[in-house]
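In the part that follows, the structures are each spelled out as structure tokens.
Two complexes follow with chain A in common, the first pairing it with chain B and the second with chain C.
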Partner chain A sequence: MRPASFEYVRPPSTAEACRALADGGTALAGGQSLLPLLKLRAVRPALVVDLNRITELQGIGNGEATELAIGAMTRHQHVADDPVVASAVPLLAEAARRTGDMQVRARGTIGGNVCFADPRANMSTALVALGAVAVVERTAGSRQVPVAEMFSDTRVSALRPGELLTRLHVPLGAGADRGVYLEFAPQPNGVPIVNVAVVPGDGELAGPRIAVGGLLRTTCRATQVEKAVRLEGATSAAIRRGIEGLLADHEGYADPRGDTAYRARLASVLIGRGLERAARGPRTTEREV
Partner chain B sequence: MGGLVPLDTEVNGERHRREVEPRLLLVDFLREYLRLTGTHSGCDDGLCGACTVLVDGEPVKSCLMLAAQVDGARITTVEGLRAEDGPHPVQQAFVDAEAVQCGYCTPGFVVAATALLARDAAPTDDGVREGLVGNLCRCGCYQNIRKAVRSVGGSR
Partner chain C sequence: MTVDEMRQQPWVGRRIPRQEDNRLVTGTGRFADDVTPQGALHCAILRSPHPHARIVRVDVARARSMPGVVAAVSGAEAREHWAPLPPNFALPGIVAPRVYGLAVDKVVYEGEPVAAVAATDRYLAEDALEAIEVEYEVLEPVMDVDEGAVDWYGDGSPASPASPRLYDEWDDNVQVRYDFAYGDVERSFGEADAVVEARVAVHRYAAVPLEPRAVVAEYDPDGRTLTVRVATQVPHQMRTTYARIFGLPETSVRVLTGDVGGGYGSKGQADGDVVPILLSILTGRPVKWAETREEWMLAGPVGSRGYVHHAELALRSDGTVLALRDRLLADVGCDGVVRAIGLAALIVGATYIPGPYRIDAYDVRVRGLVTNKPAYGAYRGYGKDIANQLIERLMDKAAAALGMDPLELRRRNLLTEFPHEICTGPIIESGSFVECLDLVQEKMDLPALRREQERARANGRFLGVGVVSTMEPSAGAIPMSVFSGFESATVRLHPDGTVTALTGLQPIGQGVQTSYAQVVADCVGVSPADVRVRWGDTDAVPYGLGAYASRGATFGVAAAHQAATEVGRKLLLAASVALEVTPDDLELGGGTVRAKGSPGTAMDVADVAQRTYFQPGPYAMLPGEKEPVLEASAVYTNPEVNWLPDEHGRLRIYPTHGSGAMGCLVEVDVETGGVDVRKVWYVHDSGRLINPGIVENQLIGSSVQAFGGTMFEQIVYDDAGTLLTRTLGDYQLPNAASVPDIEVSHIETPSPITPLGTKGLGEGGHIGIGAVLLSAVEDALRPFGAEVLETPLTPPRILQLIDRARESRARESRAQTAGAVRDDV
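Our next item is the complex of A and B:
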């Protein structure tokens, strides 16, 4: 099918984009999720705001030694290929490398991946484990939102009308360079059924940070699992108990490729492997997990 | 609703200036407006890669991009790969390796393989498989496609 008609603007700056979004526009980032929905007419925006001309939204900078700033319109391939990302936060490079295929990575963006709020989004899971913070702007100002709080429900972001995600701040240190991203995906270029990201703690006080995608209705920080692992060690029983705790507090995600119980089982296996690898510290690239 | 937007783009070295509906897809612009029917529309859902073209050198699925978005960009379709003196090396390799059965997917594979080889001049078997995972061949010609791409990249 072909999209229904819409008005189209391609503003050159964040400020102008925010004005257009305040007028009720729908943001077009890489388009790899939005275009299929436009073609199905599952979404029918009156105004599409193309962000691809806004150069200030693109690129990766680490002016600050303590964090990495990634523009929301930075393409997955750029993240996957970036040498600074590869050394400072290799799990983010791995999550990007395993997003879609070569063509999708050439267009798809890290900000679009977060804002689409699919609970299985690779970048969201990696960013949540890293404790990344989203910078969100609107015509009247800006706010900072932890990526873990960017999701209201499945495919519903926490962005308010007129807001634009402009940057992601990824804190460095605390084991970020030893983090692991793992996924179980039936097709190498398809959406995973479950993905996990594990960032090992740095020292005695802070335990590992764990994020899970495809288990709950939103990508989430698995705090119950972290707590169980801190108290009982990284045993499969502790991990399973933590996941049960998560599912007691939150609604599970399910789709035709797997019910919540199956996803819980996958998540416990992947978290176990992730913890093991994060503790071991090698930067192994697993073809199959 | 849907006022026309200006589009000024270079396709295979030729400049085109049009006014298009914002909802026009790049694949339809190429096929219907410019009659460059080498770019095929397969699944029409971003899965099969038959519509792959190069936008400023990057491989994209032209069914997942609006024509309006290539304003100011340089497009290369499978027709534009050909050199003055004959087929592009990737095209010749597909012929030599008999990497074609029905041929519907071939333009997308040839363009995607060109982009892959620009990133990695000598991909391994796994490099070809992973690089071209976004392209599907319903005839199942994958082994010969892999051989074709490897033959251009040389072996290692």
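Our next item is the complex of A and C:
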């Protein structure tokens, strides 16, 4: 298929991009999710706003010792290779490293991964567990949205018309450097069926933070599981109860690779393994499942 | 060995690099989509969004007036300009629907072409499709075949439910009925010590060539000639078919192929590819159509497999197989005869279920039912996989039932004497089934694997080992079909000593260019680099039949060998005149003709050729020869093919048969259901090898495809009949990171019925992988007692198998406890 015709602009700055988006534009980041849909004519934007020339959206900085700021247009491979990411939030590097194949990682961006709002997105799951916050700008100002609140439904982000995701702020400390990302995919380099990220709690009171993708219609913080684990310990029964709690409150995700029941089992297994590994301490690089 | 001695060594049997690779890996191959003639229009096809509907009205007027659109045509309009697509075979028991390239009044699958546009570019053509108005009367789709409601005996029982019919002119939805029985099956079952039963089922998956369908059609209205560049496995049959569909004499139609980006059976028919041809005829301009992956997934010949066996095997307690009974039911999509060519695979499957085993009483019934899905395509394996999947699973089950070692049970029943006529008719001309099994066992180091398995189990890890035998019938020649049983070649030694070899066979990735050059080179004493193999231009090469059924090394190679041998004979005759040595005392090789034992008396092949043509020329160099030039044409037919039914109604359509055995080691994660296929061992015997490197890669390639199909590839529709796996994001093909390590070993038992002792190959991996994976996973799950008889082996299915096995164990033990309690009372 060929895309239906559309207008195309490639603004040099965030401000101009916001203006184009305010005119009804659709952002184009790495194009790894948008272009296939354009070709299938499943989406028909009137105006495509190419973000690839906006240098201020690219790169990773930790000017502040308490958080890491990652530009929305930072490529997956950049995140995977970045030494600061590797030492401060290794689970994010692992999530990036396991996103698609080399070509996808070279083009795809962390911002696009979040904005596409696919419930199985690697970066989203990692960012939710890390408690990351998205900086969203529009012509008339900006707002900050926890990544956990960036998703309205499967492949529907919480962005309002005219909004641009510019940065992701990842808080450091609180176990972030001991977090674990695990996924189960039909084959390496493929979109996972379920992924989980676990960040161990810091100290006695705070329990682990757990995010899961591919279980519900959106990537989510598994608060019920966190609570069950805090109260009962990281037993598989507790985890399963937590998952059941999540599914009682939210609609499950299903596709030909697995129904919700299978995803629930898989999520329980991966969370159990993630907790165990996080508890074991120093990160392992061995390939999981 | 000196360099000179090496030059004298035969080329056949050598692992030389493929001549075609440089072109293909540097992107300089020429595929149909690489060609865009001046002034070409681009075709886009409007497809039905419904799997089953009547077409009430199609209006292309608005599309016709869109910018850049040169032609727009509905199915009803098109019908005036072409004949229906011809059936590709007409075997008894098979019915063919009447089908046009664009549907006229009914659609029977989602994606069926209903109208088409030719425009100045593909974007405008796609835009114009959106302006075509189609009114449908939506009908209830038939998406499954009901296993319980099949009329096996033709007496209407059990009563077929009134499922909607796909074709108004048919009595029911059955496209193929095939029954065969041999020997006294009833008595053998009666005398058996043990009978094992199994329901073995394989889901729908597909050939997915890198290059989907592509056509560049150029109709010249002045000369009324048609040239079609097309991705096909069978260029000559396409010429015949196009001529018939468009009412042109075959002399006016030329088909060109060039490079074809994979076939696997999927490019053996005319279907949607006739649409751009029609548009070229209507506009008088070149029209190009290169379909998208979504079109392939929607409307390519992507149905394959989708079958279920209900079978029983009767044995004596010593493991001797007495009889076999099978009911084979398949969901053949909308059609496996006209729009695609998969249907006969079911008959091939039924023919080879007894496989490499001595089975003298056999009863099989086959039914293929149409559903509202795309056509049933041919795909590597073509029924031999259907056969192997069943017989090998039955062998494992029987071994378990008799408490025998499964390999020992196989050895007890494998064929060991050749030639051997199996009960369904084919003659297994030579083989090494037991030797293959022995060798695979040795390569695997089975005892070490069993020890590793035990250690792993102690640590809560589940390894499994499977071993199967395989039989690989090749070179199918089907009567009453376009897949006939001959091949042609012309070999021409030029005055400069280079050679052109024309073949009717079609390269689709299987190394024709290199291996045929090796064969011809040996016959005329030159190097393969001096041989140029040409194919796929129906104006240049003699009528041949192309690539299907692994026929190359039987038919194609034999024809080339026959022609080249004749050229070699004449070459020696001419050289004997020049050198004044009798032909018997001359030998060819390394680009020279030499007197045996006196290397000083020699001439370059080029010199002999130059003299034969011109200096002094044929009257002096080949006196008395009827055709005194260094050229010969040959047509090869195989003596073992038999198309006259014998008293049991049996034919012999596959003349050559490879032997093999496969082993496999898997690890199952019983928490996630993930299966890690750690290693595959494949021992293979397809007679004499022309180029072992090419053979190995054929075996690995076919294994990888079957691995993908067995583990995760699947075509999925929702309940309404809408395809869910429309892209390669949804339809998973194996990638380099998931493919297991595959170790190939060869045994070479020459075929006595081909000139070089070769047998066809290329489908081998796809024949055994399914069964060996099921067997290995079942072995891994043995602690749970799970039976593994159905594909795909996706993680959810693995967990389901474990759950079910646990439940039935729990039920059993509850029943036992209950029984024990009662006993107490």
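What we mean here is this: the second predicted complex is superposed on the first by the 287 of 289 C-alpha atoms of A that agree within 3 Å, B and C clash if a C-alpha of one lies under 4 Å from a C-alpha of the other, contacts with A are read in each partner's own complex, and residues count from 1 in each chain.
In this text, a contact is a pair of C-beta atoms (placed from the backbone, for glycine too) under 8 Å apart; a residue touches a chain by one contact, two chains touch by 3 or more.
Predicted model, so just to flag it, every value in this text is computed and none were measured.
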Touching partner for A:R257 - first (chain B), second (chain C), both, neither: second
Touched partner set for A:G175, first chain B, second chain C, both or neither: neither
Which superposed partner A:G112 touches (first chain B, second chain C, both, neither): neither
Chain B versus chain C as contact partner of A:G25, first or second or both or neither: neither
Which superposed partner A:R265 touches (first chain B, second chain C, both, neither): second
Touched partner set for A:V191, first chain B, second chain C, both or neither: second
On chain A, the residue positions that both chain B and chain C contact, one per complex: 2-5, 36, 39, 101, 187-189
Interface residues, chain A side, partner chain C - complex: 1-5, 36, 39-41, 101, 184, 186-191, 193, 255-259, 262, 265-266, 269-270, 289
For the chain B and chain A complex, residues of the former touching the latter: 1-3, 5, 21-23, 25, 28, 44-46, 49, 52, 58-61, 63-66, 68-69, 71, 112, 115-116, 119, 130-135
Complex interface listing, chain C residues touching chain A: 122-123, 126-127, 292, 294, 669, 671-674, 711-712, 714, 716, 724-727, 729-730, 732, 734-735, 737-738, 794-796, 799
Residue ranges of chain A in contact with chain B within the complex: 2-8, 10, 28, 31-32, 35-36, 38-39, 46, 48, 50, 52, 77, 100-104, 106-107, 187-189
